[in-house]
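Heads up, the next two complexes both have subunit A, just with different partners, subunit B and then subunit C.
After this line comes the complex of A and B, so read on.
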């Protein structure tokens, strides 16, 4: 279990995370939602140890160090691959550094998405680079796969394919934490939704519970955020009156 | 062992073609320039080997190629807008500092190869000179005397001038560590002008008259100080943001 306890993070005096508590069990697929600046990326970077923080993050009771960091993988829209390597080179590199690397899955996904194995990654399109990024995270052999807006730049069919493939290939012990704004797209794919707002957990719900209540993820998010649906109408009419 | 090798291959893979191209270009330019002047014929001192080396611009071509090499090596591991490779490097079981040290070892080999190729070029051009020039202008010590009289050649191969040898060794060490330190600092959001300074300084100060012991000594000390500074940063300084 990945356990986050009272996690706080500040950027030059401004608090990005204000005491986040969260537990991620093995085998869950969790959607992490929130407006821009809610703290989603910061939360992931703290988990991965890229940022200093206050609080505690443990993996099966152990602090995350160089010894167990390989149990976490990361796919980000900023990309973390090596632009001057090919997909094939990445496979060799990852195999050398991550003993649990899933070669068969890597080859399968590369073939499924028709990605060239011998072309430098920097020469691929943004959509293909996103695919390589996600494929590497999925094949590292990690127990916890963290994805931060991984499909920015991919078309809707491509994303749809990815969700289906993900559901098909993930093994029971693999956990995915997916940060995205595409609520409706991932609704059928995730098992749990976590909402962040201004660095705090605003909501944490199982999709099954939402279904039983006859609620949708979008309405749950709007309700949690106290979204005022008539806000736009009021603003428009006010603007019209001003004319 | 495989992990160390793969990290070295990461640097080699993204530089080897560029360096090979640079060396070929340098050899072609130097040979063409030297051969063109050799065809013009004897004009007083102009025909002496050491004079021909200078007049054909070999020291300048070598200097610019050296700056090119520094640029190629320093940009290995430099994060462009395409990818944040530090996200991957920080998740490896090898420390980022170890990777920087391994890369500095590889850079040392690259600088040594550059030196050896330049030396080979001038030795081949010297042979060409001996083959082409009227034997009346030659004696058994023509090449030796050229290396003795020409500042660039003597600095390239100092023979028994220990202070120059030590100076060159310190510059090599400093350049190798500086080239490894530069992208490490950049990935951590810091600026580093030491490598740029060192490259330009080496370009400017490399050819020197014989017996300049004082000058060799202070360059030696400066290079060692910069090497020490880079080594200290690589080994002991931590990133501000890293947990």
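After this line comes the complex of A and C, so read on.
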């Protein structure tokens, strides 16, 4: 279990995370949602140890160190691959550094998405680069796969394919934490939704519970965020009145 | 014997062939610049003699300039090269921010030294090569200085003077 307790992070005095508590069980697919600046990326970067933080993050009761960091993988819209290597080179690099690297899965996904194995990654389209990024995270052999807006730039069919593949290939012990704004798209694929707002957990719900209540993820998010549906109408009419 | 895979010692995807060419050029230029010592030495040695008819005769009481004085900044190229290696190491690190944030991957590798090995190996190797070459050239030039200078023209304590030139506090 990945356990986060009382996680706090500030950037030059401004608190980005205000005492986040969260537990991720093995085998879950969790959607992490929140407005821009809610702290989603900061949360992931703290988990991966890229940022200094206050609080505690443990993996099966152990602090995250070089000994167990291989159990976490990361796909980010900023991309963490090497642009001057090919997909094949990446396979070699990952195989050399992550003993649990899933070669067969890598080859299968590369083939499924028709990605060229021998072309430099920087020469691929943004959509293909996103695919490589996600494929590498999925194939590292990690137990916890963190994805931060991984599909920015991919078309809707491509994203849909990816969600399906994700569901199809993940093994019971693999956990995915997926940060995205595409609520409606992912709601069929995730088992749990976590909402962040201004550095705090605003909501944490199982999709099954939402379904049983006859609720949708979007309405749950709007309700949690106290979204005012008539906000736009009011603003527009105010603007017209001013004229 | 296991072949050394240089790609494991440089940032992944960097054009190391080009870097090695530049480093070789730097070392070559440093060696070439150091040849200035031979010209200065030859000129200084020439001043020890005077021409009598067709013969060159040692001037009476002629004293050869000290080795460090003739050496002057002949080995400066190596110093600059070593400074360049600091820049190269920094470039290697920031290479992981170019075109992507591969630094994220490097920072979460189970081997904590991988990033540093890839950033520092080539600059350190080149620094070691520069120090070694500079040392060898220093010895070679000193040997030439001692052997090609008439013994009566040498002032004592040349070794000490070399140390003083490199380590003023010595």
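In this text, the second predicted complex is superposed on the first by the 243 of 243 C-alpha atoms of A that agree within 3 Å, B and C clash if a C-alpha of one lies under 4 Å from a C-alpha of the other, contacts with A are read in each partner's own complex, and residues count from 1 in each chain.
One rule holds for everything that comes next: contacts are C-beta pairs under 8 Å (C-beta built on N, C-alpha and C of every residue); 3 or more make two chains touch, one makes a residue touch a chain.
Every value quoted in this text rests on a predicted model; they were computed, and no experiment measured them.
Enquirer: In the superposed model built on subunit A, check whether subunit B and subunit C fit or clash.
Expert: clash
Enquirer: State whether A:181 touches subunit B only (first), subunit C only (second), both chains, or neither.
Expert: Neither partner.
Enquirer: In the three-chain superposition, say which chain, subunit B or subunit C, touches more residues of subunit A.
Expert: Subunit A has more residues touched by B than by the other partner.
Enquirer: Touching A:78, do we find subunit B (first), subunit C (second), both, or neither?
Expert: The answer is both, since A:78 touches subunit B and subunit C.
Enquirer: I'd like to know which partner A:122 touches here: subunit B for first, subunit C for second, both or neither.
Expert: both
Enquirer: For A:52 in the superposed arrangement: first (subunit B), second (subunit C), both or neither?
Expert: Only subunit B; A:52 stays clear of subunit C.
Enquirer: Just subunit B (first), just subunit C (second), both, or neither: which does A:69 touch?
Expert: both
Enquirer: After superposition on chain A, which segment of subunit B among 40-48, 130-138 or 166-174 overlaps with subunit C?
Expert: That would be 166-174, the one stretch with clashes.
Enquirer: Per the definitions at the top, what is the overlap between the subunit A residues touching subunit B and those touching subunit C?
Expert: Residues 48-50, 66-67, 69-70, 72, 74, 76, 78-85, 89, 93, 97, 122 of subunit A touch both subunit B and subunit C.
Enquirer: Quick one: in the complex, what on subunit B touches subunit A?
Expert: Within the complex, subunit B contacts subunit A at residues 2-3, 5-6, 9-10, 13-14, 80, 82-88, 90-95, 240-243.
Enquirer: Where on subunit A does subunit B make contact in their complex?
Expert: Going through subunit A, the ones touching subunit B are 46, 48-53, 66-67, 69-70, 72-74, 76, 78-85, 89, 92-93, 96-97, 121-122, 129.
Enquirer: Tell me, which parts of subunit C touch subunit A in their complex?
Expert: 12-15, 98-105, 107-112, 114
Enquirer: Mind listing the subunit A positions that touch subunit C in their complex?
Expert: The touching residues are 48-50, 66-67, 69-70, 72, 74, 76, 78-85, 89, 93, 97-98, 122.
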